[in-house]
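In this document, chain identifiers A, B and C correspond to the written order of the chains, with residue numbering beginning at 1 in each.
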Amino acid sequence: MEEEQQQPLAERLDLFSCIQCGKCTGGCPVSIKSPLNIRRVVRESSVRDELSGFMSRIELWDCTTCSTCAIRCPRGLRPVDVVIGLREMMIEEGRIDKTIIDALDGAYKYGNPWGRAKNKRAEWAQDLDIPNALEMDPGQVLYFVCCAASYDPRVQEIARSLVKVLRAAAVPFGILGNKETCCGSEIRRMGEAGLFEMLMEENMKNFSKVDPRVIVTTSPHCMNALKNEYEGLTTDVLHYSQFVWELLSAEKLDLKTPVPMKVTYHDPCFLGKQNGVFDEPRWIIGKIPGIEFTEFGRCRENSLCCEGGGGRMWTEGTGAGERLSEVRVKDAVDMGAEAIITACPFCLLTLEDAVKTTGNEEKIRIIDLMELLAMTLEGDAETGDVS
Amino acid sequence: MDIIVCIKRVPETAEADIVLDAGKKGIDTDGMVFSINEWDNYAVEAAIQLKEAQGGKITVVSAGPEENNEVLRRALAMGADDAIRLTDPAFEGSDAIAMARILAAAIKDIPHDLILTGVQADDDGFGGTGVALAEMLGLPYAALVTDIQLDGDTLTVHRELEGGLEEVTAVKMPALLTIQTGINEPRYVSIMGIRKVAKKEIAEKSAGDLSLSGDDIGVKGSLSQIEGLFFPPVGEGAEIIEGTMDEKAETLVKILKERGGIA
Amino acid sequence: MKKIAVLVEHRQGEIREITFEMLGKAHQLAGSDDEVQALFLGDTSQKELVAKVSPHAHTTLAVYDAALKDFEPLRYGSALEAVLSNADCDLLLMGQTAFGMDLAPALAAKMTMPFTSDVVDIEILDGGVKATRQMYSGKVSAAVSLKEAPKRLLTVRAGAFPAEDVPEVSGEVREIAWSVDGDFAVRKFLSYIEAAVGDVDITQADVLVSVGRGIKDADNIPVAQELADALGGVVSCSRPVADKKWLPKERQVGTSGKTVKPRVYIALGISGAFQHQAGMKGAATIIAVNKDPKAPIFSIAHFGIVDDLFKVLPALTEKVRELKG
């Protein structure tokens, strides 16, 4: 049984062609603090006769699925997928952490990993009067909001800001409202492949009904899943940074109010490393009048993961070492940045938490790219009030 | 060891805005998410762990409409062997004791060394069906069980008492235990796992099959009746307690007392 | 004339508080002609306990037998049947406690008594018994009526009625004869064990005193612990507190911690991020103390105090201690 499971994993992921060069571990952001050694995971997964003892290792949950390992692999392998494959086996055995079970149950029952009520999904937009995408003509813009932006009061601000920006650019768009369900990106990375398929099917049904010209997402995680993992989805999928870049390029937005602030930009792994979107967010920031931009030492392909991905919003893993989000915040403070701009709900939450845990509330803020943009449109940049 | 686990399908109401139905004797469950009663989930896991250690067979029983097959299938995916659904319009309106009577009628003909139920159900919070069932089947029992050790035909169990105290009690099988949450860590049931048991047959039993007469079950067979439901007086958002610090503390103590906050 | 009986609950040489709560309610329900009865089951060494309840009942019916030393539902059920045949009561009250939940449903089934559980209010109208109980984790109340019968049974939620000021009536004590009859060896009490120190399961606590970032320092945890001790509760925390290792991870409430459903949840200095809310929204009563009136915790709390927790905590702990004497 176990051999049956092991063989396909090693074969499916072509692990035998691994040369054990260790570039994966060398680039792995958690390797400095976690017992997780991705090179060894690949090695053991290809030579072990059985994986069950191996699978019980908690450090497999330290992986944030940032995919640096896959980018660095000279043989083009995806070591991150070995971790996901091993998690899949744990899921089938049912022996996983309670917090993961809750997240999966929540996604199964309520369509979001926080288990919040389905009929409250669109509550954030109640006063915004956004058209129901299911009632729009085909060929429009579908805004795929995502779970965090629907339910987390802090992340809702990104969604509200994006709505402001789209309206300022006079772009007609709609949302699925309570019919939207979790994209399944994190679910798949926690190893629940069956549930990911279920969620995908549900969203796909709605996508085909709406038949939009483009799907714009709040989260790079949703963008990545829809674009790269939704089988049969032919519609263009863009992260909002890409879409807004188009709008700005076409001069559909007038950025007037200066934002006199020294900022840096944190690359979300799912946007940058995994989808090559490095320039658009920086270009947008550069368009903001009055802003001073400074770059992290580790940026773009070498950017440090915030540890919010791969299910890490729902599990601590071994919880070893300093949080990378804290490293990130401290670095930014040392650089003299007044704000870290980012473009992902998970990055926003983990970094903002790190600002508090490092006691840097007076020194630095975390601002989402859309919030920043909304400031220049709103004209309240002086106070920096984005709420 | 042959184990029977009684499970219930309940609406999840923690997040939901509850609306009463037209007759105000039940809630409007339209659009609500249903799942296995939390306590019962622990009971199923406890049964599986016993089976894994001892061998044997697990039968899950649930009373209710066809939708209850969801929770029965879930239990099958977790590791139960057989599932039985008790279903009859005549069961409608049964109180906890009448429900125990229905379960007893079904269980008495199934071989069993051990019967497990949850301590209580998420919906009515009654906490009595299991113990009443034990009485009807003439079985020794223990309620609020947080640990089970097997020694021959005797179960040494821990019962959860108040204030962190536990009682150690021996119960001779065949017996019934009502299972408290936290006794174990129920395993995850994957979507693939549920798909694998999608075709498995679930036996159905009606009142007639169980030789239950109308006088024993339903509203007629129930000695307690819900006259009506209403919402406890709680305002939107927190009721802010004002006054001097002394008055605030005084008010808070009163609330704590009323709400069972002082043990 | 009606008779309301209360089954005395005792453990480890002490009368449980619920007994007085039920006696108080029984007196409130009883008219001037009516009788409040206390039913006591125990062994002869526990006679002194009877003296604590008998002043609060018109009649105390007691069975003393070595077999009744510790609670054990099969024996207690059998003895209770013997008492009830003498007690002639219309309504019997037991606690919805580990004791009552292990006994009442079986007795109701055995003696065909109309029964409902976990009641928070009781009314007797024209001889009919109506009780209020809660459903859906306290979100809905239900008015339940018990059918006409010689004897009816209710189990009462602990803390639903006050235990103080239970009227004193010069009650007589009557012993009822009962002897072991039947095979009671199938269930046997063995021992009590205290939960190990440092092995607290917050998911099992009825009362949680939960601290958040507002507690400011590990050195302040004992202040919260004092309140928890006074309430008979347990200290839990939000994520930042566990992250900082001020409390062990097992004490953390929230999506990456534990989901709790206590009877009362007191949130001290917890802003109430929804990841935290997800772990505690099922609590029957939520009380929040926070300096920030806009803290999201107030949106799901039932009661709130907008003030510095370091002012509220000592005042509250003091009041609770006063109450408990």
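Definition applied: a residue touches a chain if its C-beta (ideal position, glycine included) is under 8 Å from a C-beta of that chain, and two chains touch if they have at least 3 such contacts.
Bear in mind that the values here come from a model prediction, so they are computed numbers and not experimental data.
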Closest chain to global C-alpha mean, per-chain Cα centroids: B
Maximum centroid distance from chain C, chain identifier (CA atoms): A
Leading chain pair when contacts are tallied as C-beta pairs: B-C
For chain B paired with chain C, centre-to-centre distance based on mean C-alpha positions, whole Å: 20
Inter-chain centre distance, chain A versus chain B - centres from mean C-alpha coordinates, in Å: 39
Chain centre separation in whole Å, for chain C relative to chain A (CA means): 46
Junction residues of chain A, two or more chains touched: 98, 115-116
Residues of chain B engaged with two or more neighbouring chains: 15
For chain C, residues that touch 2 or more chains besides their own: none
Touching residues on chain C, where the partner in the complex is chain A: 213, 240, 243-244, 249, 255-259, 273-275, 278, 296
Chain C to chain B touching residues, read off their complex: 11, 16, 71-74, 96-99, 101-110, 112-118, 130, 133-147, 149, 155, 157-160, 162, 185-195, 200-201, 203-204, 206-207, 231-233, 263-264, 266, 281-282, 284-288, 293, 298-307, 311-312, 315-316, 318-320, 323-324
Complex contacts: residues of chain B adjacent to chain C: 11, 13-15, 18, 20, 27, 95-97, 100, 119, 122-132, 134-136, 140-144, 146, 156, 158-172, 175, 180-182, 223-232, 234, 237-241, 245-246, 248-250, 252-253, 255-263
Residue numbers on chain B that touch chain A, as the complex places them: 12, 15-17, 31, 33, 35, 78, 185-193, 195
Of all residues in chain A, those that touch chain C in their complex: 98-99, 102-103, 114-116, 151-154, 313-316, 319, 353, 356-357
